[in-house]
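Before anything else, here is the set of structures, which you'll find just below.
Each of the next two complexes has chain A plus one other chain: chain B in the first, chain C in the second.
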Partner chain A sequence: MKISIERKDKIIIGSILITFFISWIFAARSLPPTEEAFSSLGHRWVVTIGKVTINPSTVIMGTVVFLIIVWFATSVRKELRLIPGRKQALAEWLLDSFYQMVEDTVPDERFVKPTFVVATSLFLYIWVSNMLGSVPGISFVGFEDGTLKEISLFTDTWQPPTADLNTNLTYALMVFVISHAFAIKAKGFKAWLKSWFEPNPIMFPMNLIGELAKPLSHSLRLFGNIAGGGILVFIFSYLVKYFLVPVFLWGFFGIFVGTIQALVFAILAIAYISAQLT
Partner chain B sequence: MKGLRDFVKLNLVIVFGVEVISNIAVAGLIGYFLDKWTFNNKVLFIIFLFLGVASGLYNGIKDLLKEAEKYEKLDKKDDNGNNNSNSS
Partner chain C sequence: MDKMDMAKAIYLAGKAIGAGLAMGIGAIGPGIGEGNIGAHAMDAMARQPEMMGAITTRMLLADAVAESTGIYSLLIAFLIIFAL
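So, the complex of A and B:
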């Protein structure tokens, strides 16, 4: 492939680079001192209404992710054709490969479709929300007691809902309940109860602890990867005064780690459901 | 799908560690509250911590073996499919 750059493009690229350098110098000069910059690290903005405490950034970004997925789905549905366009091909490839994966793993034929629906919707939601973690945008910074300190523009990425443990724990608990409901439906209540005492009754505490630990490890893995990635990028970027590095690291944690973790979350959901069915 | 699966295999590296830690955490929590509500002398807490370690190792190794077996089976299936398509 041969890339040819015209004179006009060179001028545009050059002016972008010069603007970038100048804004970098101004940004580096106006950065707060270390103690101040790291004092709000990991603190969130929370709002208490009555007895309920909510996390507004998670709610707002969660709604945005939901709207993005609905918009994509409706736009694919509008242009549904026998010879697929680009969007339809992407959607078909994704759903088809997921369906095959579920078919390979789940032993009972009745539960292939429900498991497919659960796993694919989890994957889509988590993937899109992880992707938001690679795009610079508006983020909320809170004090230690949860009040709003500032709304920062384009110094950080959009806050992905998956960087909040509440979201991940909800989905992990959902998978936990669904897997046991499917197990009761597939094997009957008595056989399900008996499965807790296998291979012999002494193992009951271990089985119980192992089952309860599943949602914990399931949710903490995703939370640790996404939230930890965000904090790591912040620290690295501060060390080099926000010069170039954040762009690369946002891309790495958002796109690479985000895709792998979304896939792992969905695959583990399938694995937990199919493990209960056998 | 095979390329994606190779990426997901990387996850096996942390599956075991996360499993053991979360088992110990859950067992510790159960032990702490049981202890608080019954004798309040920290014996049950320590017993449950050890139970958590044992359960973490047991479940971790069980899951690792299961995952490895699954990937082996899927890889073999893929290889067979490729051979068939090449020969035909």
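So, the complex of A and C:
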């Protein structure tokens, strides 16, 4: 496969790279001592309004992810043709392969389409937001008490919304509630209630813990991969003084791990829903 | 030695030992699991080389699920070091 890059694109890519390198050189020159640099690790900038505490970077980047997906969807819809173009072929391939997967897994025909919608939207959102974690950008660093310490320009990646446990736990709990709602609808309330006491009533605590552990492990898997990867890259890039290595690590943790974890999240959502339906 | 210095030294030592144990022991399980997955994927590929693409994708997916306990212990180690 031969990729041809036009002159205009070359200039844009080159200027972006030069901006990154200059900002990395400045970051390396003003590198704080070890203890001070690692003291803000894992702490975020939070804003408290009344009784509600919000995480501004998650809210902003979440909105950006929504806008990217909506922009892609509208641009595909605008040029919908019988012979698909590039974007349409990508979208059709993605949705078709997901539909095949859901059709193979979910036993009840009525719930194929709802499950497909849930799993595919989860996959798209998580995948795009993990991709943000591979692009150098503007991120906020907070003190231990949540006040803003500094805004780092291009020395770290954009903060993906999935690196915040609130996002992941919301989606995992959503899948949990949806799976049980589908189970009630498919089997009836009595059969659903009885499924908690199988094979005999002594096993009820086991069933309860087993069900409650599902959203926990579901959300912590994604959170640990994305947030842990970010922290690892931060430590490594501090050790090498931001000399070239961070780019490859961002690529690995953002693109490779991000894609696999998004796929795993979606597949597990399908599996949990279909396990409740049988 | 001052009493406070001693207390701080014990605190730091406990943090370091705890984080090391969490990461070290927590990495055993995923290591065994991913080794099993890799070995059986290699077996399958040797038996049916034409299925290589499908087997590789499924192997990576299974790896991602198997390593989740290792990721939990990584999180716990980070929490011990930076947040405790």
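In the analysis below, the second predicted complex is superposed on the first by the 251 of 278 C-alpha atoms of A that agree within 3 Å, B and C clash if a C-alpha of one lies under 4 Å from a C-alpha of the other, contacts with A are read in each partner's own complex, and residues count from 1 in each chain.
Assume contacts are C-beta pairs under 8 Å (C-beta built on N, C-alpha and C of every residue); 3 or more make two chains touch, one makes a residue touch a chain.
Keep in mind that this is a model prediction, so the values were computed, not measured.
What is the contact status of A:216 with respect to chain B (first) and chain C (second): first, second, both, or neither?
A:216 sits against chain B, while chain C stays out of touch.
According to the stated criteria, A:49 is in contact with first (chain B), second (chain C), both, or neither; which is it?
neither
Contacts for A:3 in the overlay, against chain B (first) and chain C (second): which applies, first, second, both or neither?
Touch partners of A:3: none, neither chain B nor chain C.
Between chain B (first) and chain C (second), which does A:231 come into contact with in this model arrangement: first, second, both, or neither?
A:231 sits against chain C, while chain B stays out of touch.
Once the structures are superposed on A, label A:38 by its partner contacts, choosing first (chain B), second (chain C), both or neither.
second
Does the superposition put A:83 against chain B (first), chain C (second), both, or neither?
It touches nothing on chain B or chain C.
Give one of first, second, both or neither to describe whether A:264 is in contact with chain B, with chain C, with both, or with none.
After superposition on chain A, A:264 lies in contact with both partners, chain B and chain C.
Would you please give the residues of chain A that touch chain B in one complex and also touch chain C in the other complex?
217, 220-221, 260, 263-264, 267
Under the stated contact criterion, what part of chain A meets chain C in this complex?
38, 41-42, 217, 220-221, 223-225, 227-228, 231, 257, 260-261, 263-264, 267-268
Which part of chain C faces chain A closely enough to touch in the complex?
Residues 60-61, 64-65, 68, 71-72, 74-75, 78, 82-83.
Which positions of chain A touch chain B when the two form their complex?
Per the touch definition, chain A meets chain B at residues 97, 100-101, 104-105, 205-207, 209-210, 212-214, 216-217, 220-221, 260, 263-264, 267, 271, 275.
With touch defined as at the start, can you tell me which chain B residues reach chain A in the complex?
1, 4, 7-8, 10-11, 14, 18-19, 21-23, 25-27, 30, 51-52, 54-56, 58-59, 66-67, 70, 74
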